[in-house]
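Both complexes shown next keep chain A, but they swap its partner, so chain B is in the first and chain C is in the second.
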Partner chain A sequence: MTANTVTRKSRRFPRFGTVLQFLVVLVVAAGIFLPVYLSFVSAFTNNGSFARDGLFPGLDQFALGNFREAVTSIPLVQEYLVSVGVVTLQTAAQIVTGALAAYALVFPKWRGRRIIFALVLVTLAIPGESLVIPNYELVSQFGLRNTILGVAVPFLAAGYPIFLMRQAFAAVPIEIWEAARLDGSGDIRTLFTVIMPSCRPQVTTAVIWSALAAWNGFFWPLLITDTAAARTIQVGISQLATSESSTPSVIFAGAILVVLPTIALVIGAQRFLINGLSRGTLR
Partner chain B sequence: MKTKILPVLAAVALVASLVACSSPSSASKTASTDSGSSAPGPSALKDAKGVTEITIWHGLGAANGIAFQAAIDDFNTRNAKKIHVTATYQGAYVDLLAKYTAAVRSSSAPTVLLAGDIATGYLKDVKQSIPAAAMAKANSDIKLTDLAAAARNYYAIDGVQQAVPMNVSTPMLWVNRDILRQAGISDTEPLHTLDEVVAAAKKIKSTTGLAGFSMPDDDWYVEQLTATAGQSFCTPDNGRTGKTPATITINSGLAKTNITKIANLYRSGVAVDGGADGNAAISTFQAGKVGIVLQGSGILGALKKGQKFGYQALPFPTSGPKAKSGNIIGGSALWLNAKATKAQQVAGWKLEAYLTSTATQETFSHATGYVPINVKVADSATQKAFLSANPDSQAFVNQLSNTPVVTATAGCVSGAMTAIRAGNISQLQAAFSGRKSVDDALDAAVASAKDALGQYKAQLGE
Partner chain C sequence: MAKVARRGTRGWRQRGIGPWLIVPALILLLIFVFRPLFRTLQLSGYASDILGNPTRWVGFGNYIQLLTSPDFMQTVVVSIVIALLGMALATVGALAAVLLLRGKLLGSGVFNVIFSLPFAYSAATASAVFAGLFAPTVGILNTLLAGFGVDGPQWLQDPIPAIWAIAISTGWYEFGFAFLVLTAAIRDIPSEVIEAAQLDGSGAFNLAGRILIPMMQPSILFLTVTQTITGLQTFAQIQVLTRGGPAGATTNFVYRLYQLAFGNGTPDFGRASVVAVVLILIVAAITALQFRLFGKERAA
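Right after this comes the complex of A and B.
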């Protein structure tokens, strides 16, 4: 048997290991995708029809009434705009503070920077719910209750973006930083015009993480706000469920409306996500 | 489940911090509120200048929230020159309580709080509210005896009415008549007792292959199984005689027998898991996959939307002596802030009177499926016509009015109920799934509840 024959046969028939890997991925993907599919089907069909007709209800069951009910039950547009405002404010603040902190932890050599970095990592282990009471009292004392600023203030900085960007900046060759400094560029200009552009995937990952965390916040916005003018969409959607009776299809419709922007964000930026997460592990 | 546990734990932590601050060492500051001697009268509002602004927080979402807001808007229109109410949805009952506790700590609590049933013990212990009995004595807007006795029973502690019940739900036995007929169970066959229900569930499974029974994994139904056995859920006396409860009783007596019968239905495959939040049980019933479910009266709204099979709401099955057994109400009640100004308190009382009036209760119950709390609604011609056209709603009303007013049906009152329910659910699920024996699961649940009650007592300084 010649080498060419072996090569042609290898290309025609995938190896057993590859097939097995593909099957495992397929099963896992199905397990992850199935609840999403169920949510979409429930949202787009009449209440109860999904439960009655199984995984593939007929086209005659297709309806948009659930979305209509979800949108009329809550001030959806207003809360969407509030959520966009909170996400913008929180994400921008976390990226700026994260970048500044990461730069300070990497480039200037000073004693104690590793200890400080360790302390930043420790904050990742603190559950957010344990900070609810002190945050509530602090924001109340500032007079920021029931405001978008009040929702965002406790989260203007976060440990994970600092960690991501610190790892990214540490992978940048020191010569690039030294060259920028020798050219007369100050620290701030070096950070935003030289270092961050060279770490675009990780910065994008940090942006996505911050945006998703801000978008998905529920308990804190519920606690600190009283009216729809300052409430996020997650709090609004929770009003679709009641303690004693619910219409599951309407709740699913509301959930779809909330999750669509995050799905779009992740699909659009997945290349950067994968790139950013994998680069962070190299150092 | 993880996402729900952390907010519950945060809520419990907030609650614990407030209870610790309201220990008997601070009781002397609020003794007058407890005795009712400081409840303001009508002149406090009459003498107030301009419009008195008050707030009410609630946990009513979806259609219930819309109906509630409509009632608030109507009240504002009727009292335009004197009182203005701002109603705010504050999440489900647990989240509402966490928010209220944080607000009390920062002195920004609402004038009126529409709190869920199991918050009764906690709200009584933190001493932030004026008892309804005191306000009723000082003002004539509400005649408490016009409110359903079983509901008043729930919100009375040591003989004193603490809050005004506003929306009441009641647990029912929902049956799919088509499946029952298919199983050879006629429409006239009685399903009054738990034994009859268990037998019917087994027959459904053996003849049709469909699940015979389901209920949500919710401790509320375990409390119902205890109360309908004529047994207090916690001792002494369900906490109703002023003594803080020390333990729960589900691992003894007829309550244990009832829970074991239900658990055996699950373990033998007759019953199907209803899930923790009730939606799975509703969906399974709507799908026509289960013949009998225990669920609250509130699911009627969801069932009315295009159900293709015959269904019926029957009274919750009992197992104890008729005079001492019955179900426990659900829903929520109105609590008046003792720290609000006197004008606000009287305005809040007027709001409570309006929300519990016959006209408002009739409209609200038709829109939401809650049972009217005001007994005089039954005299209304439109209500009679409505009940005649809606036999399931009639069943809800009948059950509420037939519930004996006894200690068992008052339910357990303790600020630790949220923690007790959380502990019981995990043990129930272990028992139903067969991971643990029923005896071990119930003993573990009681031990956990004892621990929670002990910690709560310590926070109270007892």
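Right after this comes the complex of A and C.
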């Protein structure tokens, strides 16, 4: 009883510790927010005026010229479309191949499925950057250099979505699967009409992670593309950073255009992202 | 119970095409992960012609040549320094943010969004932003510092500031992931545990040190390992900010591999593959260490 009143009291009057805590959060937040703030304000003001004239420009300084310059300096629109294509292809393929694999690893019993699952886990521990040379050789041999398919093809299956969905499927009561199978539902129909719908949150998490990885990919798309025809937006923004190195505002404008969809995703779907983190163990 | 039920239906479960559904993913992983793994090992034992193609078997020749060169030793040190600095900045910063935010502070929703923002940035976009901040003469950061009468360092032209520039942009980029992981971890701590500690009269520091941090230890350990591995694979930051310079001061494993295999000079797939193998071995060693540490964690 007394303890209760004490906590209630201390809540009503913020203590010194709470104020200090608030100030420290404010400082850390300022540090994290600084690059975002500086780049946004600088992108929306005429190049060079910001920072020299202080941190808080007036509304009369508002300008969109940097965005116009960013869009014309690199074929941003075209590269945007390429990225959307890569994301669509890669995510769809990873989810389909991943769901099929996860189903095969969970429901039917067959010899060697533990070993195969171990192989899937091993792929999570191999740094992708160290595999690019043989993949570069192979994709070039197929004549897929500088194509959207060439950008996506090494990633049509990935360990992480398989892992996420395997864990989700393994938590589905076996009776549900047995009932569907006894009703005469085939494996593929059972997977897509019974199992996947019952794991919707985890499948959503897998979709978001696959899409983010596809959208953010940089090293491989940089190597395998030569022209804007198949260049992703991430490669485009890195080239903008080089070609416009004397006008930071234009770089910032380009970066904002690239990051807006993922900012929306992070704010809107944080629940699913955290979901993937506490269930899975690897990025 | 479940095991018994499974056994009973075993014969029936084996019918159908179920097991074959592994095939698409398996074939793709074999072609694009396991084949390259062995091919990289193979290539690392060959000399290369002008096009980068393997010519003659040199055994460990490439390894000996690379591992005894002071250049490569610098690459090893630079890789580790960048990885550890980025990891430390991200993990310590995120831990502070998460611990402090726990108390339902004024505006904690806003802070939550701010701390998650770096996660929205790809390595390339984060690098582009920092390129604008660190740029020589026109960089926003030094312009800002000049306003306070401070003469900022030549971020990208002097070796030590250049390493800090890469580490800061890597740490900032990794911070978002660290914050999300630790947010998930602190939410998993039962509120009764925290309330009990508070009834015992634990102050904020005491609570963090004795209860919260020990209970989040698996997540902190996980972050330390994965962020170090991510940091070892840093590439976009270096490609955009410094191109490995000045004088190789920021050339790490992946950038060295990139230069050897895809840079301006004649491609050397053999020696680039040695770098790849070294990276694989280091990541494998760290992963093995992680499993040992996690094993201990579970036993405790």
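Everything that follows uses one rule, which is that the second predicted complex is superposed on the first by the 220 of 283 C-alpha atoms of A that agree within 3 Å, B and C clash if a C-alpha of one lies under 4 Å from a C-alpha of the other, contacts with A are read in each partner's own complex, and residues count from 1 in each chain.
Methods note: a residue touches a chain if its C-beta (ideal position, glycine included) is under 8 Å from a C-beta of that chain, and two chains touch if they have at least 3 such contacts.
Computed from a predicted model, the values in this text were never measured in an experiment.
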Is A:F67 in contact with chain B, with chain C, with both, or with neither (first, second, both, neither)? neither
Taking the superposition on A as described, I'd like to know which of chain B and chain C A:D226 touches: first, second, both or neither. first
Which partner does A:N46 contact after superposing on A: first (chain B), second (chain C), both, neither? first
Quick one: is A:R145 in contact with chain B, with chain C, with both, or with neither? Answer first, second, both or neither. first
Touch test for A:I267: chain B only (first), chain C only (second), both, or neither? second
Of chain B and chain C, which one touches more of chain A's residues? C
Touched partner set for A:L191, first chain B, second chain C, both or neither: second
What is the shared patch of chain A, the residues that chain B and chain C both contact? 48, 51-52, 127, 129-130, 132-133, 136-137, 219, 222-223, 235, 238, 240-242, 245-248, 251
So, in the complex, the side of chain B touching chain A is made of residues 6-7, 9-10, 13-14, 17, 59-66, 86, 88-93, 95, 98-99, 102, 105-106, 108, 116, 169, 278-279, 282-284, 286-289, 296-302, 305-308, 330-331, 368-370
Contact set on chain A toward chain B in their complex: 46-49, 51-52, 73, 127, 129-130, 132-133, 136-137, 140, 145, 219, 222-223, 226-227, 235, 238-248, 250-251
So, in the complex, the side of chain A touching chain C is made of residues 3, 7, 17-18, 21-22, 24-25, 28-29, 31-33, 35-36, 38-39, 42, 48, 50-52, 54-55, 96-98, 100-101, 103-105, 107-110, 113, 116, 119-120, 123, 125-138, 153-157, 159, 162, 174, 178, 181, 186-188, 191, 215-216, 218-219, 222-223, 234-235, 237-238, 240-242, 245-249, 251-252, 254-255, 258-259, 262-263, 265-267, 270, 273-274, 277-278, 281-283
Considering the complex alone, what residue numbers of chain C touch chain A? 2, 5-6, 9-10, 13-14, 16-22, 24-26, 28-29, 31-37, 39-40, 43, 93, 96-97, 100-101, 103, 105-106, 111, 113-133, 135, 138-141, 143-144, 147, 172, 175-177, 180-181, 183-185, 187-188, 198-199, 203-204, 222, 226, 229-230, 232-233, 235-236, 239-240, 254, 257-258, 261-262, 269, 272-273, 275-277, 279-280, 283-284, 287
